[in-house]
């Protein structure tokens, strides 16, 4: 069985089962813990609205807090947008997406995708180096951060190599494509167990914060 | 005179071919081998002295498609000219003689050219039961081993001989294997394809003829000149791929405009062959030009590599039902974890109150 | 209040640590006690926060201790590391996996976090506002503090106060008799201060700082209530029931609620105190497990509402003096009281010059959540306080008005140490002095 | 029914395929001509080895046009040796005896080698002439 056959077949199959299993395991395991009810008198009504408001507003920190984190903020947005655009707007990815969703959408020329992927990869690398150099980040970082960062970059690297048809170190295209898919499998398998879960956790956490602060009468 | 003692140039001259005709032959041979036109004089010089090689062709579990590809498409053609320059001493399908006379011819040729003849094989070899395919009561595997012993090299023609092919497709009822699974001590050149490009077959013979040596091979032992690049790399529709213009169905606007067939399952990106440049039916067209994606017939296990219409970027993932089961199982584990933690939390509270 | 009183009080605090009782707990007892608190308090909400942290480090930029020192150890979310580890290993859904790859915490590690959760966190909540994930870090710091307290690993000052409170029913030397004495003194001067009246619409609290440092605070409150002809009373037991030494909320809050409900109080009003306000305003109902029969307000909130409703009239202070307003974290960011004190400042005829960080993003005075009690943290407190000082200076105002006596104390001591000449005033006292006749 | 059915030949294919190779080839020929003049180097392009979209070969040949000289070689089938409108650029097309095209090559040279009489043929011809005399 070739690398590509393995990646497209059993590897992906196992990866996505673990992905779904792990996500449900973790989400249910978190949200079924005790919710301590809050009996205090809310200062303001519209708690749900407060939650939704904060889901949006936490994307834009207030000026006083933003001062020293402008680069981190902009680069964070930059790589996320470039990464998802490169994933979602690359033509050959559409059949991959369509097999789950049943529909596709218009895509961008490959040269654009390559540029976006290069931007995402550069920013990810810069942020990784920053994580290793900046004292605050270095102290906070766990192996999760490095594993997640690496596993996020790998599909980009292999994807760029495969789409550019680089015969990297003599690796043939179909093998490269297989390796690209394997890196996606690795990402899927790791996803539920590391920080990548913030894809699912961020907005509920912001909502929680929004409800709490709305109750206190503070714009979150 | 033993036909293999004659040089190619002499063989051609004896047929009344002029020097200009010979030069033309050399030019088209260069083109055939995908060699630059600047090498024509080298080829001419080599052919001056090359001896006509003896070729023995064994057909096993095959459909004769490979032979058809070689003989039917361009008759009479350059390829036939090449055949005139070799000495095809045994080819069961084409041979006028039959039965024991044919076998006799084979043995005679083997004896006369022991150690120097080329063995061409088409079809896979069944190992499940020797009776599945026999010639004159001899099983394919026995015959192959016998003839291979005296061969200078073996040319596995077609995907069946090269990689096992359709007979080997799951569940492989005959236990079919490729030539290279049986013969391990001889140079083997695979010319895969279902069928292979006739020029690829003749080019290998021509190479052997001109330079007396075997061509440079890729990881699957295929001549790099034909199998060095993918269909996708040489496809005239490649610019559409790069621009992100894809046919979404066989009858949509994109299909009519001749856009890339990737999303319709074209295996061009992972298929190494020269169809996109050499083309079929005397250079008329090739599948993608006819509007159908490449099915990857020159690749190992192409028959079991998902559907012909499954785009390369699709995967096996089990479907929503399976993922639903995975989700339910995950949720159950998560719920168990959470409930256990809840009771631990309550126990901590009770214990604190009591102390 | 004069400088001598301030110094005497400071001196008293400096001697606190020496009076801390010796802890006899073994390491395993400490660990068990701390974990018990964590297990009890960790719910889905904190779980979701702990699971969501991306280690982006942005919270550091919100923390005055980090901003002042640039020391990475002050990164807020880093301060709850033991809690995070206990969560992941013992509570979280992936605990079986975490146990394979992580170690359990030790009592020594817990102790090493004492400095981080007590000395260098004032639970000001600025990081809660900053976190792009919405993670509420300060409530988790609070769990850490409670866990360390249970493990008898709180700073000596906290343990000393707690022990004294248990032994004497006095907090910082203030109990029922001291409150009664202050009330009597003010009443004798002509401003009636009822204490522990059998029935009252408003139950008012008096804190140890009110008694020890800022007696005008109660006088001003009394003037205002009396001017409004309110039915009110001081809760004589307020200091002992809502002490600063991390007294047991589980025991004290039901007693307070009973005191209020017996009297038929409609309002419980907290003085200018950032400790009592969140405890009564938000925590009390949850300790009771039910909604409270009365409303809880801070005095600045009450004043602002009376002014806005037109019930309380003030004589403007002449001269349109420029002031800036310091939002006490627990009352502002922690309780949403922003508009009311500003309405009062306006009614006082003062020109409000806002600091760059004000309202919900305002910096802490650096001594909140009992941090000012810790003697060894004085230098750190001062460095963080300087941020506040500079922001106040940048407004050009020569007076800082605030509505929390801890903040006020920190401003006064900080200003003294930095030789800073900006005046620090209480909103309540300013209002109490400008009532119309 | 019959009236509705369109013969395939009448379906107009308005699309022009473009692999982008025609301008590239023309440029390659321009450089080859320059080198021929400066260094005397000859150059050849085997059109069978270039991926060309349907119609592109015709467009390339049309772009090159027809020059003043063309010759027909009759050896193992017809071959046409034709100078294009750009002197020095030759188009050589080989057919097999059945008339099937088996190769097409663009050569950049002052004179294609095939046009000249070949030495072995000359030797053989001389022999024949001697025998005749």
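Think of it as A, B, C and D in the order they're written, each chain with its own count starting at 1.
As a working rule, a residue touches a chain if its C-beta (ideal position, glycine included) is under 8 Å from a C-beta of that chain, and two chains touch if they have at least 3 such contacts.
This structure is a prediction, so every number in the text was calculated from the model and none was measured.
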item: Centre-most chain, if every chain is reduced to its averaged C-alpha atoms; value: A
item: Distance between the centres, which are taken as Cα means, of chain D and chain A, whole angstrom; value: 56
item: CA centroid of chain B to CA centroid of chain C, Å; value: 80
item: Interchain centroid distance [CA atoms averaged], chain C/chain D, Å; value: 93
item: Where chain A and chain C are represented by their mean Cα positions, the distance between them in whole Å; value: 39
item: Overlap residues in chain C, where contacts from two or more other chains coincide; value: 42-43, 91-93
item: Residues of chain D touching at least two other chains; value: none
item: In chain B, residues with contacts to at least two other chains; value: 333-334, 337-338, 341, 345
item: Which chain pairs touch, all of them; value: A-B, A-C, B-C, B-D
item: Complex contact set, residues of chain B against chain D; value: 17-21, 23-25, 27-28, 30-31, 34, 36-38, 74-78, 81, 234-239, 256-258, 276-278, 282-283, 285, 289
item: For the chain C and chain A complex, residues of the former touching the latter; value: 42-45, 47-49, 51-58, 60-62, 66, 72-73, 75, 77-78, 91-94, 97, 126, 128-136, 281-286, 288-292, 295-296, 332-337, 356-357, 360-361
item: Sites on chain C touched by chain B in the complex; value: 35-37, 39-40, 42-43, 90-93, 95, 250
item: Residue numbers on chain B that touch chain C, as the complex places them; value: 333-334, 337-338, 341, 344-345, 347-349, 351-353
item: Touching residues (chain side chain B, partner chain A) in the complex; value: 219, 230, 233, 241-244, 246, 248, 260, 262-263, 269-270, 299-301, 305-306, 311-318, 322-323, 326-331, 333-335, 337-339, 341-342, 345-346
